[in-house]
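Report on the structure given below.
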Amino acid sequence: MATATVIFAGIAIVLAILLIVSSHYLSTTENEVIDKIESLLPRIQCAQCGYPGCRPYAAAIVTDKADINLCPPGGNETVRRLAKFLGSDFSPVTKYSTTANLNEIAFISEELCIGCNLCLRACPVDAIVGTHQSMHTVISDHCTGCRLCIPPCPVDCISLVSRNA
Amino acid sequence: MLKYPLFQSFYGGVHLESHKNTSNHKQIARDFLPSRLIIPMNQQFGSDAIPSVKVGQLIQKGEVIGKPAEKNTTAVHASCSGRVGAIEKHPVPTAGKVSTSTCVIIETNDENNIAAQKPPLFKNHLDKLTAINHAGIVGLGGAAFPTAEKLNRKSSHCEMLILNGAECEPYISCDDLLMQEHATEVLRGALAMMEIVGAELTVVVIEKDKPKAIEAISNAIETIGSKCIRLTDIPTMYPTGGERQLVEALTGKEVPSGKYPIDVGCICQNVGTAYALDCFFQLGEPLINRIVTVTGQGVKNPQNVAVPIGAPIVELIKFCGGYDGEVSQLILGGNMMGYTVDTDQLPVTKSTNCIITTKKATTPKPFEIWPCIRCGECIPVCPVRLLPQQILKAYENKNFEELGKLGLSECIECGCCDVVCPSHIPLVENFRKAKHLRMQEIKSSELSNAAQKRYELKTQRLSSQHANTEKLHADLKESIKESSKNDMIKAAVERSKKRRDKK
Amino acid sequence: MSDIKTLIVDGLWTKNPALIQLLGICPLLAITTTLVNGLALGIATTVVLICTNSIVSLIRHTLLPSVRILIFVMIISSLVTTIDLLTNAFFHELHGVLGLFIPLIITNCTILAQAESVASRNSIGKSIISGGSAGLGFTAVLLVLGGFREIIGRGSLFSGIDMILGDSATDSFIKFPFDGALVAILPPGAFFGLAILIALRNLFIPTATIEQRLETNISESHG
Amino acid sequence: MNFPINSSPHVLPITSVPIIMRHVLYALIPSTIVYVWYFGFGIFINMLIASIAALISEAIMLRIRNRPIKPSLADGSAIVTAILIAFSIPPLAPWWLPVLGASSAIVLAKHLYGGIGANIFNPAMVGYAILLLSFPVQMTHWIPPQIENLGFQNIDLWSTVLYSVTGSLPSNLNLDAITQATPLDIVKGGLKNGISINELRSGPLFSQLGGYGWEWINIFTAFGGVYLLYKGIIRWHIPVSLLTSITIFAALFYLYDPNQNLSPSFHLLSGATVLGAFFIATDPVSAAATNQGRLIYGASIGALTYAIRTWGGYPDGLAFAVLLMNLMVPLIDRFTTPKIYGQQQ
């Protein structure tokens, strides 16, 4: 009886030490998980999830503050991918975006633009060029169609057009 | 020297029921003159040609009407004499579909004398290639790739010129008849090409089901007496006529993915192209005609016609006796790789080698489609050695990574798998959609990556800007504090000085 | 009150260890050749569950996170050994039949999962209720599967009841008028049986259709 | 004029699933005739019952899965499955045996995996395996060849029908008296009891090449198989590799000790070897896809069949060999992918 107890206690202690050491050295870093989640998101930086960009949202998911169904452009497909990766349950996207794909880009109407610079600051991917008092324009190759430039515009000169047009 | 056993091996392919005898028993009809020509400006790779004529202008046959927009593209010529009726957008068959392109519309008249009727003279090699480009000569096999461009790839050494007369599509017979009637001209054209590319050997490839063409070519080889032209007959098997397939069949070498036959020392040219080149070198005639097979059950007199480029299909059909009863489909190109068009108001272009009119009986009905039973019949027939059934599965699962691994992009859309599939699954159609989807996926992920990168840069920039401003403010405050301190001390020192002075 | 009710319903149905969580499949598949075998294993498992849950719950504040699993396993194995010895002492015949499978309760993931997800986070009362209801839920599945396989595979029900009720009950099992298809008793039968049970569960909790329904609702309201 | 737009190629397919299934059924005719010659009309009853059961379960499953019923019923794949099951159960069998076999094949092996084209396992062999595991007694009660000079009691058609439906035999017949184990069974049991092959093969159920009657059934099945090869329904890789690998294994062991091991001809011409080689292992859905893979697949089935027959617990191992190799098909396919034209490996 005593021998058995000692042997098992010994095994347990050895294993416990192994576990403690490995939990210290083998843990996955949070950053890797965030990278992976970010790669599953559409990454058009539209901020519709309530976070300033896709990486902050990914970080929020990892630190367990945010739901996985907040990304309207990604749609249910993205939620499904995230659910599969995180092993959590699927639930449909809470709000629907009018831009669910990357096929639309912003277009600044030249006649109306007053060069106020507000859209330039709003663009998450620096796809708008221009300076004060001069007309701005959208670099179509870089625009992700996130619509963040539309609300700040005081003269409503920005509209969305099809990418290929 | 009649035949030379150059045939090595051919992987895959299917035996198809031949329909060549519908159209190959008559001579090429050469008296077709349409009342109107619609000559598209987009008949070659690269940018469209720029129309160089004005509406109402009288032009002669063979005159340039479209100037090349870039250096390496070809010119467009008037195929008949007449008056320019209009320059407008018109639907045109281009690369597998109907699109709209600028066209010069010519009302033809009877004066059909060619503008330049003398053999051209060249100062040097480069001059020759430019001249070929200006003569508007493109590959007449179907892809309309500029011939000069193809002959100009001088980076690799060319050992063999393959003259493609295989013509594996079951309905087409235009190359067959061309070789029968103009064997000498074809071979002369080939010799000219050989001289340009510096090849040592020309191999004329003809499928065994064209005995007359084989005879004509072998006779012509004897007549010419050239030691460097050889004739090889290959088994009748679709799709031997594919450029890459032909290279493998003759040399046993594979053309690496994304490269051209010239990278393994071969250049493939269609016999029609050789003929067009010969016409240009001997007579100075630019490419304004091509031989088109008009065939199928839906036309009264199926035959091969020498058609001026730009002739409307409807007039061509009328020339061949018109439609015979109700026609269910109009196919441009062969029935395996050609495409259907919805109207006969389109012009014949340089890449139109065949027009098939089908009646109900030969048009595939929407069959019952069974699920794939994995019978594997599609695997041995694929000339590219793909696994169509697994590609289909990966496509149904939208597994793009797997699609890439299975080599979807290598599919040549020959349709062999469709023919043998007992479940009647439209495989090629699915593969086209899969290719399209995969391209979209790749594109959007590229876009996402770019957006992510730019976002990161912007956040970095903003935060560094922010940090800079903060620092500036802090420094300013500090300096104000410092300076004010000093001022106060100075002022106090001053005041005390004044007080002392008063005393 | 409603909290306790959810705990019980969770264990018995909505988070049934065998049907929903698919835990403890190994003893489930191996032992359910008859209803009585299933019952015996179910009772043993339930007892172990209740005991481990209460012990783990008591020591939950002193646990080191990195070695907690090790400690759970130690507790479970000690308890199972005790129960193994007890059955051997008081139900010797049943022990002969269940033999190997009582020690195997150690590897039953239900117990580890309960210790990890319930007992180490909740008070002792809640842990006991949760463990008991999960054990009963597991027993119910064992009973259904055991009965199903016994009827189809042997054409009998309650055979071997004497091992629990004593020798007086030797002949008190039901015999149906057919010999049964042997495959139900063999390992494939266990998989078929469990698969059918899970399919039936899906009829009542169609997870896939819930997802679909939600999606169509949203697209309708936006489309 | 307006013409419809279709996708290329614009050509009629040269074959279809129903045509393939029909040819498979045609190919089974010669062996059925020989079967009837040796074992009576029992197989017809089994075929009929199994086909009806297969069609009904197919219809029910299609209905449950919300799939169009008519085209799938008409493609004949369910009937092929049923006929193959009828071939593998004894000619004298209670009616529920073919019913259970066919319906479990269709329901469990075919539709639970997603219907035609999606099944991992060969449905007929799943049905057979379930029957063999569940009812070992009924599945091994085989009536001996109905030939006068063998000295067995014969059973007529009416008694067969009666037994099938009611499970009882006329008073002058006794089930044990009119049934026998199959030759493979006898050999297996005999070898276990230390009887040598020579002694065993002097029994009335054996002839020069294999089991009495079985040899001719197998030979005529091979004719059917050749017909399928000729028609291009199956390719030669699986049958040839399967039969070759059985022959090689049998020959090696036979040469080593002819008294303890059966001759290659016996292995080839008894049990379900030839039927398996041409009709069961070649089921396209559950077989390997590439030619190279098919060679591996067939050879492995042959080797496994020999192993199960010789060292396993069941007299004929073909069904289990096929099912085991069905599991390996994705792996085989993965490693036998041909090199794509123009791509470096």
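When the chains are written out, they are named A, B, C and D in that same order, and each has its own residue count from 1.
The rule we apply is simple: a contact is a pair of C-beta atoms (placed from the backbone, for glycine too) under 8 Å apart; a residue touches a chain by one contact, two chains touch by 3 or more.
These numbers were taken from a predicted model, which means no experiment stands behind them.
S.K.: Could you tell me between which two chains the number of C-beta pairs in contact is largest?
M.R.: Per-pair contact counts point to B-D as the maximum.
S.K.: Computing the C-alpha centre of each chain, which chain sits at the greatest distance from chain D?
M.R.: A
S.K.: Averaging only over C-alpha atoms, locate the centres of chain A and chain B and give their separation in whole Å.
M.R.: Inter-chain centre distance comes to 41 Å.
S.K.: Which whole number of Å gives the spacing of the CA centres of chain B and chain D?
M.R.: The mean C-alpha positions of chain B and chain D differ by 52 Å.
S.K.: Using mean CA coordinates as chain centres, what's the gap between chain B and chain C in Å?
M.R.: Roughly 67 Å separates the two chain centres.
S.K.: Would you identify the shape of the chain contact graph, picking one of line, ring, star, complete or other?
M.R.: Basically the chains close up into a ring.
S.K.: Identify every two-chain combination in which the chains touch.
M.R.: A-B, A-C, B-D, C-D
S.K.: Can you name the residues of chain D that touch chain B in the complex?
M.R.: 1-17, 19-20, 71, 75, 77, 115-118, 235, 284-287, 289-291, 294, 333, 337-344
S.K.: In the complex, go through chain A and note every residue touching chain C.
M.R.: Contact set of chain A toward chain C: 8, 12, 15-16, 19-20, 23, 76, 90-93, 96.
S.K.: If you look only at chain D, which of its residues touch chain C in the complex?
M.R.: 100, 108, 130, 133-136
S.K.: What residues of chain C sit close enough to touch chain A in their complex?
M.R.: Residues of chain C touching chain A: 64-67, 69-70, 74, 211, 214-215, 218, 222.
S.K.: So in the complex, which bits of chain B are touching chain A?
M.R.: 444, 447-452, 454-459
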